[in-house]
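In order of appearance the chains are A, B and C, and numbering begins at 1 in each one.
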Amino acid sequence: MTLELFLQHFFNALTLGSLYGLIAIGYTMVYGILRLINFAHGDILMLGAYFVFYGTTLFCLPWPVAVVVAILGSALLGVLMDKIAYRPLRSAPRISALISAIAVSFFLESLAVVVFTGLPRPVHQPEWLVSIITIGGARLMPLTLLVPGVTAVLVAALLYVVYHTKPGLAMQAISKDIETTRMLGVSVDKIIALTFAIGSALAAASGIMWALRYPQINPYMGVFPGFKAFIAAVFGGIGSIQGAVVGGLILGFIEIMTVAFFPELSGYRDAFAFILLVVVLLVKPTGLFGEKQEEKI
Amino acid sequence: MNAKPAFNKRDAALTALALAVLYLFLWWADGSMAGALSWSFLPSPLNGYEIQILNLVAVYGILAISLNIIYGFTGMFSLGHAGFMAIGAYVSALCVLSPEQKEIMWIIDEILPPLAALHTPFWFSVILGGVVATIFALFIGIPVLRLGGDYLGIATLGFSEIIRVLIVNATPITNGSLGIKGIPCYTDLFTSFTWLIIVIFCTVRLLNSNFGNVLKAVRDDEIAAQVMGINVFHAKLFSFCLGAFLAGAGGALLGNLLTTIDPKMFTFLLTYNILMIVVAGGLGSITGSIIGSVIITVLLEWLRVVEEPLDLGFIHIPGIPGMRMVVFSVCLLIIILYRREGIMGMREITWNSIGRWFSSLGQSKEDKA
Amino acid sequence: MSRNLVELREVTMRFGGVTAIENLNMALPERGIAGLIGPNGAGKTTVFNVITGFYKPTEGHVRFKDRDITGLKTHEICSLGLARTFQNIRLFYNETALENVMIGRHVRRTHRWWETVLGLSGARQEERDIRAKAEQLLDRIGLSAYSGEKASSLPYGAQRRLEIARALATEPEFLLLDEPAAGMNPQESLELMNFIRQIRDEFDLTILLIEHDMKVVMGVCEHIWVLEYGKLIAEGDAAAIRSNPRVIEAYLGEDVNNAAD
């Protein structure tokens, strides 16, 4: 393999990994606080992409406006989702909330089929994002650099919010002990809603970039990225934001590089993540950055 | 919950009577049988489509029971059902197709020689489908059943996706994404309901015995179960494999009912449908699973109405494709939000409970009089 | 002197950097009733968890019936004849009282599951025996009125006794009771003491109990170990413990002397 080719694979992996990481953050934050796998998270990604698509085509919004609207819309949707489908089940067995999440996921997908039809739609890529540039011998699209760049900025902003602001500290406190935090006078439901808003906004951002990178959208586009990002979150150690990003990047590299070096395995690409999941859960269920929790006897 | 001493003459008689009525109904409903012994004075009003729904009720009943054993009775949240069903369906299809059919159908890659020659009776193919699914369940279960709750769900879901990827890629065995067509339609009303009844009979016997209590103990409190000398891992593996066996057999029946199978059929959506039946019927209730499969299957078909154009003469409502699943997910949401225990909860309908119900009915009438 | 049924030899249990039990030696004679006391967090329940195989001790050995059971799985230890109850009751709450006890019989079962499915006569007989034995036990414990009730609907005291009945169903030789008198009034505690002695005689048991109620401990235990911060600070019979200065210090003298009358 030539260096150029390798660099191209490298940047592809970086892009895919960043997207996984960005989606994984939403899973890890919600799981860290509610111990709930938000199955519908991948569908928020899909809706974010559709919002931008319809914003720019149907309502002729300029790109930046459409993106902001889509992200805000998705954040709102995340909050609504929590309020309608998850909040009533806070005291119920955890699996009930999970079934509820599965139902929400199917609801959003089938609603998207009804509203947007099930046909895949091509996405128009702005010219300046896809005109080939050459860096160090590798031929790249600016998009390939944009995605990791945007991801880095978003993650930095998020880390600032979580570690240096009051709501962020409240989030951390809730993930340690929800009842105690409630008794300390933190309005837990608001913080949880904020968590959903942030997670969904990030999912929408990654959905938009996903649609630009792989220029096609359909109602089920969020399903596989969602599953895989969740696996990345588990791999990184569920509950840890840094872990989610690292997990996402590693998963992106595994997928791209395995296929790059062993092209005959390309048919099995979708299985890699799940194999990784089984291995991680068996070897180190707490993931790279996770903390151990034990049941008291 | 009502584990009465095993054999009671009245119950046995009532069960036999109910079975006789059921089979009489099936005989009448199945138009193809009418030719032999004419029911011309009471022709079956059911068309092929309605018979198909009845068949689906029976097959979904088996599948719901199998998931209920794993999730409702043993408390393992498994989302891998579509995988086991796919295995069963493919194994059965490979068994019942004639060597000539297989030779014509495999066009991407030639079919593996030993599989090409394989040709077995239908009943055997169903059992073999279950057995192969069980073998897979053993291999997947030994590593992942140590995981709890939602992690197990994700791992089994991953497993079922891996199965699908394997089916797409293993063209010499599965014919890849083209799928298998022209499977003989062996699953008629008698076959499907007979399998359902055998499955109900065996599972009820097992679950009403102390083995059933042991599974429920594992579901309720693993730590206490260990202290009671229960090998929790064995119990879980047993339940997982039993569920996988029934899922494989159910998948085989489904394949022979639909006559066409391909990897796209066995997505998470299929698992979701089964999960929905189990949750709606009641986790930990076999009668609930049966009731659930009747209601959900009929509802799923009936909801096709909303997808078809509606012409009321003066107003024309165009059909909305996909609306069915929207209504459906809202239904599941409502169940899980407002009636989490489903229709039956953990209760069962037994002859005793029916008897009590009738006597209470009689009493309340007497009270009024 | 009868032989020792259970022995702990230099058992140490560490969790990360925390030492929960340090170099503990205990020996329980057969058919004795012994007590394990100590302030909260002294490591009493950890001792139970080590004996029942939930934790593998960092160092040392547990012996049961002259056999090293260190590192065996909990269910294997149970089948050797060891049963316990829990500090916070752990019943199978969705099952009836009778089913709870029947589950305890599972470990002594000889027929396989498929024999039950096929309805072979031996398996059916065993099912009937399990049920009969469980009903008998419920009756003995005085809970037959609750037989068909869900465990979760039983009153607190009945739940405690049901947990003991369930443990007895496994046919143990050694029974560990974790705070059996918790939440009981003095009258109930008194009954409990009698009850413990009765089941010891009736079922040939060796009993070790953790208890905070000093009246119960002093009244029923023939031998007592006192733990503090994971270390054994005293052992002996009730009188010796009551007068032991280190024990009085650990308990600030209150409970131990109040129990003297």
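Definition applied: a residue touches a chain if its C-beta (ideal position, glycine included) is under 8 Å from a C-beta of that chain, and two chains touch if they have at least 3 such contacts.
A quick note: this is a predicted structure, and the numbers were derived from the prediction, not measured.
Asks: Would you mind checking which chain's mean C-alpha position lies nearest the centre of all protein C-alpha atoms?
Replies: B
Asks: Farthest from chain A by Cα centre, which chain is it? Let me know.
Replies: Looking at centroid distances, C is the chain farthest away.
Asks: Counting in whole Å, what is the centre-to-centre distance of chain B and chain C, each centre being its mean C-alpha position?
Replies: Centre-to-centre distance between chain B and chain C: 43 Å.
Asks: Let me have the rounded angstrom distance from the C-alpha centre of chain A over to the C-alpha centre of chain C, please.
Replies: Between these chains, centre-to-centre, one finds 49 Å.
Asks: Measuring centre to centre with CA averages, how many angstrom lie between chain A and chain B?
Replies: 34
Asks: Spell out, as numbers or ranges, the residues of chain C touching 2 or more other chains.
Replies: Within chain C, the residues that touch at least two other chains are 54, 86.
Asks: Quick one: which residues in chain A touch 2 or more of the other chains?
Replies: Residues 297 of chain A each touch two or more of the other chains.
Asks: By the touch rule stated above, which residues of chain B touch at least two different other chains?
Replies: Residue numbers touching two or more other chains: 223.
Asks: Across the complex, what residues on chain B touch chain C?
Replies: Checking each residue of chain B against chain C gives 1, 3, 5-6, 202, 205-206, 209-211, 213-214, 216-217, 219-221, 223-232, 238, 284, 346.
Asks: Which residues, counting only chain C, touch chain B once they are in their complex?
Replies: Result: residues 52, 54, 73-75, 78-79, 83-84, 86, 90-96, 99, 102-107, 109, 113, 116-117, 119, 123-124, 127-128, 130-131, 150, 166-167, 170 of chain C touch chain B.
Asks: Quick one: which bits of chain A touch chain B in the complex? Just the residue numbers, please.
Replies: 35-37, 85, 88-89, 92, 94-96, 98-100, 102-104, 106-107, 109-111, 113-114, 117-118, 223, 227, 230-231, 234, 267-268, 270-271, 273-275, 277-278, 281-282, 285, 295, 297
Asks: Quick check on the complex: what are the chain B residues that touch chain A?
Replies: Touch residues, chain B against chain A: 77, 143-144, 146-147, 149-151, 153-155, 157-159, 161-162, 165-166, 168-169, 223, 268-269, 272, 275, 279, 320-326, 328-330, 332-333, 336-337, 340.
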